[in-house]
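Letters A, B, C and D mark the chains as written, and numbering starts fresh at 1 in each.
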Amino acid sequence: MICYDISDKFPAPQEGRNYFVAIGLEGSANKLGVGIMLQQLPTKHTPVPRAQVLCNIRDTYITPPGEGFLPRDTARHHRNWVVRLIKRSLEESVLPAKMSGEVENRPIRVNDIDCICFTQGPGMGAPLQSVVLAARAISLMWKKPLVGVNHCIGHIEMGREITGALNPVVLYVSGGNTQVIAYSHQRYRIFGETLDIAVGNCLDRFARTLKIPNYPSPGYNIEQLAKNGKNFVELPYTVKGMDLSMSGILAYVDNLANEIFNEKSNSKLKYTTTGQKITPEDLCYSLQETIFAMLVEITERAMAHVNTNQVLIVGGVGCNERLQEMMKTMVVDRQGEIFATDESFCIDNGIMIAQAGLLSYREGITTNIKSSVCTQRFRTDEVFIKWRTN
Amino acid sequence: MASLPYTLKLVIPFETSHHADIALQTLSPDPELKPDQLARAITISESSPSELVVEFLAVSDRVLRVGVNSMMDNLGLVAECLDELDIANFN
Amino acid sequence: MAENIIKQAHAYTANIPLALISQGAEALVFTSPVHPYLPSPPTCAPDYILKYRPPKPYRHPVLDAQLTKHRTLSEARLLHKLALLDIPAPRVIHVNPKHGLLWMNNVAGPHGFSVKQWVWDIELATAPNSALRESVMKANMLQIGALIAKLHLNDIVHGDLTTSNIMIRPKMAAADASVPVPPHNILNPNLEPVLIDFGLGSHSALAEDKAVDIYVLERAVESTHPVNSETYKTWLLDGYVQEYERGGKGGKIRIKEVLRKLDEVRQRGRKRSMVG
Amino acid sequence: MSSLEYVFPQYPQAPVSISLFENVTNSSELREGLLAGNQCYNYAFIDAANVVSQEHLLAAIYRAVSAREEGEKMRTKNISSEIVFCMSPSNNIMDALKRFGISDTTTSVVVVKADPTHKANTDLVTNELHSLVRGDMLSVNGKNLQRFTDLNMVKKNYKVPGTFNFEDRDKLSSVVVGSVCLRGW
C-alpha cells in the first residue's frame, strides 16, 4: 500500500517565479534515467503551457546475447551510475534567462529544483531500491520533498504532454507491462492487460532464444530481422475479451526456433506449408505480426467501449514502427488519431517521472521519506489522478 | 521468533552528525525482506553523533553475510551521494 | 470507414436491405426485413439479424482469414448448442465463416427491449418503493439470474454480460405463430429474458469464469442503474442461486464454489494483481 | 398441382424448383436412375421423412446454391447431390446421400431442381417430373412438408438429444437448421 502526504494547500512556485522544476529518477528495470523538467504556470497568453525538458539522460545495462538482466546485477549497475547521472543532469540543464529573470541562460542550481521524483513501482525490487536510496539522500541534502511516482503513470503523462493527446486510449507496452488504459473519474483504468508475461518480455526472451544482441535493445533487433521475414508462420493467437496471454505463443515460437537450429531434426515444423524452410527472420516477422495484431485488437475494443478515437502508445515496445503502422491502419479506419513518441520518451526515462511527479506535487501530494519504500507491484489504477477533472 | 544467534555490529564514521543522520534516514525505511531470518537495527551511536551503528541478528552466517554485503553496497551509494551531490558542490 | 465496410456487407448480401444497428470493434450488426432464404412475411416484422465480421486490414491476411472464420464459427456453434439446450438466445439461420457472416433470428421479437432500456422505463413509469415496481422488477430479475444459471450449469459462459446484452420479450405463446404477440407493454406480467451477443462466449467449466460473468453483470448494473443497483443485484443473484440449486445433486456443491470465486473476484476486481 | 419455383433474393439468376410427392411407388427405379448417372435424373431427391420444416429444406438448398453462386468448391459431383449432402449434419458424403436421399422404401419425396443451365420452367419441370416419379404431387408449403416428418429418423440423423421437446416443431426446425449450417466448417 502506497502512502502519500496530501496537503490541502497547493504549493506555490519559489518566490518571484511562475514555474516549477523537478528532477526525476527512474530505475525500475535495466534503464537508469535522470531527467529535469520545468512546468510553467498558465498565463493569459498560454493557458496550457508546454512542459520544458531541461535534460533527459539515460544509461542502459546491456547484457551479453542470450542473457537477460538479473535484479542483482541491474541494481549494481544503477548504484554505480546514479550519482554520475544526477551530476551530469544538473550540469547539462540550462535555465533559460527568461525564466530566471537573469541576463543570460545559466546552468541549473540545486535550489532551482522544487521536488525530487522517483519511481516507486512497479518494477524489479533491487534496482528500484538502489535508485530510491539516491533520491532520499538528495532529498535530505537539498531539503526538497520526495514524490513517489507510479512508473506507468509516468509513461502516460509524458506521452500526453509530448503528443498533446487529450483523452486517448493508452496502450502501454514494455518489458514489464502490457495494458490498455482509459481515463475515467480520476483514475487511469485498466481495460485489458496481459494475463501472464508482457509483450516486451516475450520479445526479449525470444531474442535470447535466437541469441541476438541485446544492444541497443533486443526488441529493436527483432524488428530489424522481421523486416526480412518472408513467410508468415501461424502461431497461437490468444485474446480473451480485452485481455491477452503471451506465454503460450512464446513457448510455441521458442520450440519452432529450437527445431530450426537443431540440424539433426527433420521435423516438418521447420518448413512452411508450401515446403520452404522457415528462417529466424520469418519467426521474428510472424511473432510481431501475431502479438501486435492482438494488441491492436484489444486497443480497438477499448476504443469502442469508451467511445474515443484517440490512441496513445507508450512504453519501450511503442517505438516499434511495425506496431505503430498497424495501429495507425486501425485508427485511420476509425477516423481517429494515433499518438506515439520517439525512443527518448518511449523507452524508460527519468523525465517522465519528473513530469508525473510534478503534476502530483503541484496538487499538494508528496511522499514522506518513511513511506518511500518501493514496491514491485503497483497497479496503474491505484493512483488517484488529482490533476485531471471528472 | 526463530533464534538469531549470528550477530554483527558495524560502526561507520561520517564527517558530520548531519551526514550520519542523512544516512540513517536514507537507509532506515527499507525493511529486511525476511525479518524472521535477519533482523537489523540502524541507530546513531550514543557516544558519537557522527557515527552510524548498524547491528545485525541472523539465523545463519550465510544470511548474515548477504545482509551485511547488501548494507555495505547501500552505504557506499549513500557515501557517494554525500561526497558528490552536496549542495555546496553546485552553488 | 464504416461506409466501406457496410459496402462489403452489401456485396455479400445482394438485394437484401440491411440497416446498421450497432458497430463494435469486431463486428457490425444489421437488421433486415428479408430472410436470406425464407419467403419474407408480409409485414416488416419479425426481422432478421446479420452479424458481419469485416476483414481487418491491419493484420496479416492469413491471420485475418483464420480469425474471422474461427470466431464466426465458434459463435454459431455456441448458439447451436444453446438451441439444443432450449436456452433462449438467437438461433442460427445461416453462417458463412469465410466471409464472416452470421444470420440469426431477432430473438427479442418486435416487442422486445434491452434490460437496460426496460429498467429505465420501469423506473420512470413506477413510483420508487411501490409494490408494482417491486413485483415486476423482482420477477424479471429472478428470471434473468435463473437464465444465466442455466447457461452456467451447462458450462457455457457468455463473456460479456451487460444489461444491453440481455433482452426482455413477451413470453412466446407456444409454437403457434398465429396468436398475436402481446402489445408493447413494459409492465406485461408475462415477460421473459433472452441472451444475445455470444461473440465472447465460450465453453468453460471453471467456477472462476462463471464468477467473472456474474461480476461483469454486477458492474454493468452498477454503472447503468446506479440508484437501485444493490436491490437488483440481490435479486439477480437470488435467481441465479435458486436455479443452480435446482440443477441436480451437483448444483448445490457447484454454486458454493462459484460464490466463493465471486467473492474473490469482487475483492480483487476482474484483474489479477500484477508484477511490474 | 405443380412444382414451386423459388427464388432466393440474392440469386435471382438462379431460381430453383421444388416439388413434393407422396405415395411414390417407383423409388427403387428412381434410385437406380440416379446411380446410373442418367441425365434425366438430374434432380435432388430427398426423403421427405427427414424434412422438419420448410425452413429446414430451404436452409439446405440455400447452402448448396449459395456455395455454387459464390464460386466455392462443391463437395459432390453436381448441384443435385450437393443439395442432398447439404441436408446432412455430417461430412461423410456416402452416408449423407444414403440417409437423406431416397431408398427403395421411400414413399414421400421432395424433388429439387437447381440447375441454372436448365431453363427453370415450372411447367417443364412439372411435366418432366410427372413422367419420372410415380406418385401424387402435392403443393409445396410448410404444412405439407411437415406431414411426412419421421421424428425418430430426425432424432437419429441429427443426433438431437432425447431430452429435447420434439413436439415443438419451430424449435426442432431451429436445431436442424443449425446442424445444416454448421456442417463441415
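Please note the rule applied: a residue touches a chain if its C-beta (ideal position, glycine included) is under 8 Å from a C-beta of that chain, and two chains touch if they have at least 3 such contacts.
As the structure is a prediction and not an experimental result, all values here were calculated from the model.
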Joint neighbours of subunit D and subunit C, given as chain labels: none
Most widely separated chain from subunit A, with each centre as the mean of CA atoms: D
Centroid spacing, where centroids are CA-atom means, of subunit A and subunit C in whole angstrom: 38
CA centroid of subunit B to CA centroid of subunit D, Å: 88
Subunit A-subunit B separation of Cα centroids, rounded to whole Å: 32
Geometric centre distance via CA averages, subunit C-subunit B, whole Å: 62
Touch-based graph of the chains, sorted into line, ring, star, complete or other: line
Chain-to-chain touches, reported pairwise for every pair that qualifies: A-B, A-C, C-D
Touching residues (chain side subunit D, partner subunit C) in the complex: 8-10, 12, 54-55, 58-59, 61-63, 66, 70, 72, 160-161, 164-165, 168-171, 174-175, 177-179, 181-182, 185
Residue ranges of subunit A touching subunit C (in the complex, touch as defined): 28, 121-124, 151, 176-177, 190, 193, 195, 232, 234, 237, 241, 243, 289-290, 293, 296-297, 300-301, 303-305, 326-327, 329-330, 332-335, 376-379
Contact footprint of subunit A on subunit C as seen in their complex: 1, 23-26, 56-60, 62-63, 66-67, 159-160, 200, 271-276
Partner subunit B, residues of subunit A touching it in the complex: 76, 79, 82-83, 86-87, 90, 109-111, 129-130, 132-134, 136-138, 140-142, 369-374
Residue numbers on subunit B that touch subunit A, as the complex places them: 21-23, 25-31, 73-74, 76-78, 80-82, 84-87, 90-91
